[in-house]
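In structure tokens below, several structures.
What follows is a pair of complexes built around chain A, which joins chain B in one and chain C in the other.
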Partner chain A sequence: MNNHVVSSNTFLTISTYLTGYSEVELLGTGMLETYFNVFLEKFSPETLHYFFAEVDEILLESAGDEDQINAAIAARLIPDSAYDGIAKNIILVWYTGNWGSDVISTQSYQQGLMWDTAEAHPPGAKQPGYGSWANLPIRIPTK
Partner chain B sequence: MESLFQTNNPKRHKIISDRFDTIQLKSSGEQFETASQETLQKKLEILKNDIQSAIELEHSTIPPYLCALYSIKDGANDYAANTIKSIVLEEMLHMIMAANILNAIGGSPAINTPNFIPEYPTKLPKITEDFYVSLEKFSKSSISTFLQIEKSAEHKPHPGKEYHSIGEFYASIKRRLKWLDKAIEGGIFTGKPELQITTEQYYGSGGKLVSVYCLDDAILAIDEIVGQGEGIDGEIEDPDHELFGEGIEYAHYFRFNEIYHEQKYRPRDSPQEPPTGKQITVDWDAVYNMKENPKMTDLPKDSEIWQKSYNFNKTYMALLNNIHDACNGNPQLLMQGIALMYDLKYKALELMKIPIAEGSSITVGPSFEYVE
Partner chain C sequence: MEKKTKEEFDVVIVGSGIAGSVLAKTLTNAGKNVLLLEAGLQAGMAFDPEAAYKNYQYYIDTFYKASAKVPNSPYPNIKDAQSIDVLDIEPITQTNSPSTKGYLVQAGPLPFGSDCLRGPGGTTLHWLGSTPRMLPNDFQMQTLYGQGVDWPITYDELMPYYEMAENEIGVSGNVEDQVGPDMSIENYGEGYVFPMKEIPQSYLDQVCIEKTQNLKVKLYGKEYTITCISTPQGRNSIPNPAYKFAGTYWNKKAQKLELAKNNEEYEPVGAIWDQNTGHRCEGNASCVPICPVQAKYNALKTLRKSDPKRLKIITQAVASKIYTDEITNAITGIEYKKYKYENSTVYDTAIARGKIYVLAASAIENAKILLTSGIANSSDQVGRNLMDHLVMLTWGLLPEKAYPYRGPGSTTNIPTFRDGEFRKEHAAWISPIDNWGWSWPVFSPGSDVSSAVSSGMFGKKLRSHLNDVLPRQLLLHFECEQTPDPNNRVTIDPQYKDQLDNYRPVIHYNASEYMKKSFEAAKKVSDQIFAANGVEDYTAYSVANDPDYVTYKGQGYNFWGAGHIVGTHRMGSSKEDSVVDKNQRTWDHENLYLVGCGNMPTLGTSNPTLTMTALSFKAAEAILKQLEN
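Moving on, here comes the complex of A and B:
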């Protein structure tokens, strides 16, 4: 086994490829540490270790070539047989804030990326304001 | 114009004192009765400028309060968060009521100009007291600044154009409203009634909005603003609670003081002494460590965090434009502003969590700056 470190930094980096959201967006949810800890708890240290080693290798050998990174992820991380499905679970956790059918925390419920993607809001939280449904969604022109 | 709002609540009037007016009357050598109409018109213009400053003053407290509020981590400091939230809602209400007063006397509130937004750290508009207000996280130090903002000054006459406290500033506005309304032929409450923001457009937050159609309404609005802020004559209780049955509600100063001392007031506590009631749990560490007085220029131009900060400020500008338009002839627009307020909140919360640089424990924070 090599000296690859299982770190929240690498977790963040691979999460950007898996979710399509940028690092800043993911950090803006405030959920990085919580989700990282979920994976530390749910998977064996060995599996995590090999997964992160593979991630490091993919990033290194692709040298920033996005297409190559995405192809490598699809081939080596996404299959169910790969690392007990860690990659798929990373996508699910960021998008739903759930582990399986369990809500990870009250914050994770609100921070699920699926709400943002759908331009909706989690029922009962992050409301857009009473009566706002009568108006078109806000579009603030930014450059 | 007859008042559309019930102004004669006997309980409220008992609380309000005319002490300031009497003091100022004696100290002022001005003879309004003999002044020419031309002089009086000039005085009215100065008063309009001062009420514009009052709108700016009310607004200038909102970004600092919001920074403290949004820096509190989810689920922590419930008591402090709820307190700050209720206070900031009242400041928004005060801002709209000040705009109503200005509209009522024929002025036009200017809410979306570059000068409207203070550059933090800032002194409060029109207030002489030597302290600066910053955009900063919830901390003992920020709460102590908030105490200074809401503090009632010893009311004493002085000749300057600045004031020792917010209450004193409003007392001067009230006095001049009364005199000019009497002295100027036809009175000064000549503004178009349809410009008023009413409870139709503003409800549910921070108390009852006062629409202003006559002198009594203006006095009621001012008493409400001052009463909610520093209390009347050193009273702990805010006059509102008797009207709205929300239970005992203390003026802002005392509610901040409870957080500061991590202890609640008891009914018989003296306004001059710290609270002596139940302990409050305050976790000063359960807070996002936002950069103090953040500026967009601190961030690498066009970086993603710069863009986030810019988007936040664009939303802030959209909100100020919305309120400006609502206060200048389109009151119904205020309802649409609610969605902008929520959007602003979620954008601020994101900025509270994003580190200013990789690995930094300091986060970007909302900068509340004017952008084109």
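Moving on, here comes the complex of A and C:
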């Protein structure tokens, strides 16, 4: 069994397709290593190996064609039967900062992408300042 | 081993929540020696800046890490002085009666839906901070509407104390906005302003107001005009230069409490660890359960303004029993159990002694201590008339993005159904517009993420779906005024005790037809507001969603607790049907006062903290008079 396919780089790449967030946005949370380690801990080495091998194959055969990658993800990673549900869990971890109902860390709570998606901020952190709520949220263009 | 404390104090207070803290501050600053017993941990009482900061950061971290961010989630829940926790609420069924999952023993038929916090600062650590006054008509529910009872005091009598409460809490608001049924600028003194200007109404409020302001709705054949007004609240904003009061002080000569005049601009009260932190609400959007910068008022801000030379605080001290003199009926001491450390089963018993005693331990704990001691109950009203606002929620999607999850929990309310002839038929309500999406009823946004992901959505489609839905979420509250019912009550039962051998409260609770009809009425109004705003209704009621589920005329409704625990030792004009008089003194014991929401004979539609604080100042004044005469 070849373990070198299980890498945080691949984890980051597939996370971009699973979450709809760019590499820069995901790296900007500072959570990549933490989350990658959560998956190393929660899933068996065999399952992780097969999952990452499948990811490598999807990325290779699609050669950057987004529609093709998305179709392959839907068919081969998203079903609950695929790799103990690793793909769906990757999405949930990035969006919520939780593993199941457990908050991974104080940082993961604050970095949950769902607050950004809601154009808000995690309650109790990253507070936008007095009176900000009376106006439209400020958006920083990402493209 | 029972020990007697050697010192004797002027006043012994049980509990450091807002009522106890107002008393401790007012009495010590008037030169009285006070002993304060607090059941919670010493760490929460730290007043040196470093320790206070460290402890509060620990609360914040605990909140971040809590999987369910319920009101008590940041705070220690210790077995020696357990808090009521909403996570323990479960349906009461034939095979699960009573429900004993949490601290409360819930005998039903419906579970009581609210929590409170036993610890330094009490429930003000997690209160939302809305501070509307009660309406003049709220004080005469029996006379005007044939419901409940009248208060032994009028709105006018309470007015000066309301001003003290608004000063103490540091209310931000606009008096001119406070218009509605039985509610106008007349309810405030001439030229009166709040200490700080109104908290800006949210963008979401503005979107809703556009199509809701002056909307005509029909209810049971009558037409009503909906209005939306800014909500006064206990969080820091821009000082109002027209506000001219400093703090409340004891005017010994006049034998009354007065607000001192101030020629300087009002200064917001900052965090307990740093007066310069929290001078403005910073929009953390986490008022419940915790304001990270303490721009929101909490009772520790009041307590630390006590005269330290005259205040002795004993923490980890759980009041367990009150002793009386058999002949005079006067209170002779309060027994308390001081546990050694968090969750310890080891404790010492001691007796606190003073000239006057005050229970400020929360409505449910006050009643429990009185029932345990078998005192103050010649009226048989102790523990009875437990009330809360029964909060019916409705939620839907706005046609446009209004960007919830920002700002304080609520900045605008609809006062239209706070008063009217309909109170003869069904409960009145206040309708806050909520700023925090569907988080309360369905745990958004986490639940939206998980349901989209489990449906197979991922990638950019998932991101854009969530970005379309979450910013359009709207939640309305209908906080219905529960009327007093002697069978909604706190009792004790030797079967149910905690690890310090103190009773756990047994709660008997139900929703009357009068309440259920208000759910029907509120839903009819909600439907018309939703229709006018083009809101797609996603409201769904079920017992699985929330154990407080009732049916009325074939329709099911959920209600949620508001955290407004009221009425267990009612105030009244005669000792036959009430526990305390209008000065909050027990009819049965001339040196025992009860303070807190337990005194309120009826609830009104306002969040009760402000009114309870006003009453606490009234009690402080009466105690000072009694001590000096």
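Note that the second predicted complex is superposed on the first by the 134 of 143 C-alpha atoms of A that agree within 3 Å, B and C clash if a C-alpha of one lies under 4 Å from a C-alpha of the other, contacts with A are read in each partner's own complex, and residues count from 1 in each chain.
As a working rule, a residue touches a chain if its C-beta (ideal position, glycine included) is under 8 Å from a C-beta of that chain, and two chains touch if they have at least 3 such contacts.
Just so you know, these numbers come straight off a predicted model, no measurement behind them.
After overlaying the two complexes on the shared chain, residue contacts for A:P123 are found with chain C alone; chain B is out of touch.
More residues of chain A are touched by C (comparison of chain B with chain C).
In the superposition on chain A, contact is made by A:Y95 with chain C only, not with chain B. By the touch criterion stated above, A:S132 is placed in contact with chain B and with chain C alike. After overlaying the two complexes on the shared chain, residue contacts for A:Y109 are found with chain C alone; chain B is out of touch. In the superposed model, A:V5 makes contact with neither chain B nor chain C. Shared-chain residue A:A75: touches no atom of chain B or chain C. Once the two complexes are overlaid on the shared chain, A:L40 sits clear of chain B and of chain C alike. In the three-chain superposition model, chain A touches both chain B and chain C at residues 106, 127-132, 135.
Residues of chain B touching chain A in their complex: 74-75, 304-305, 307-308, 310-311, 314-315, 318, 335-336, 338-343, 346, 349-355.
Within the complex, the chain A residues that touch chain C are 17-21, 70, 73-74, 78, 87-88, 91-92, 95-96, 98, 101-103, 105-106, 109-110, 114-115, 117-121, 123-125, 127-137. Per the touch definition, chain A reaches chain B in the complex via residues 22-24, 27-30, 106-107, 126-132, 135, 138, 140-143. Taken in their complex, chain C has these residues touching chain A: 60-61, 63-69, 200-203, 206, 237, 280-286, 290, 292-293, 401, 403-408, 411, 435-437, 445-446, 448-450, 453-454, 456, 458-464, 466-467, 470-471.
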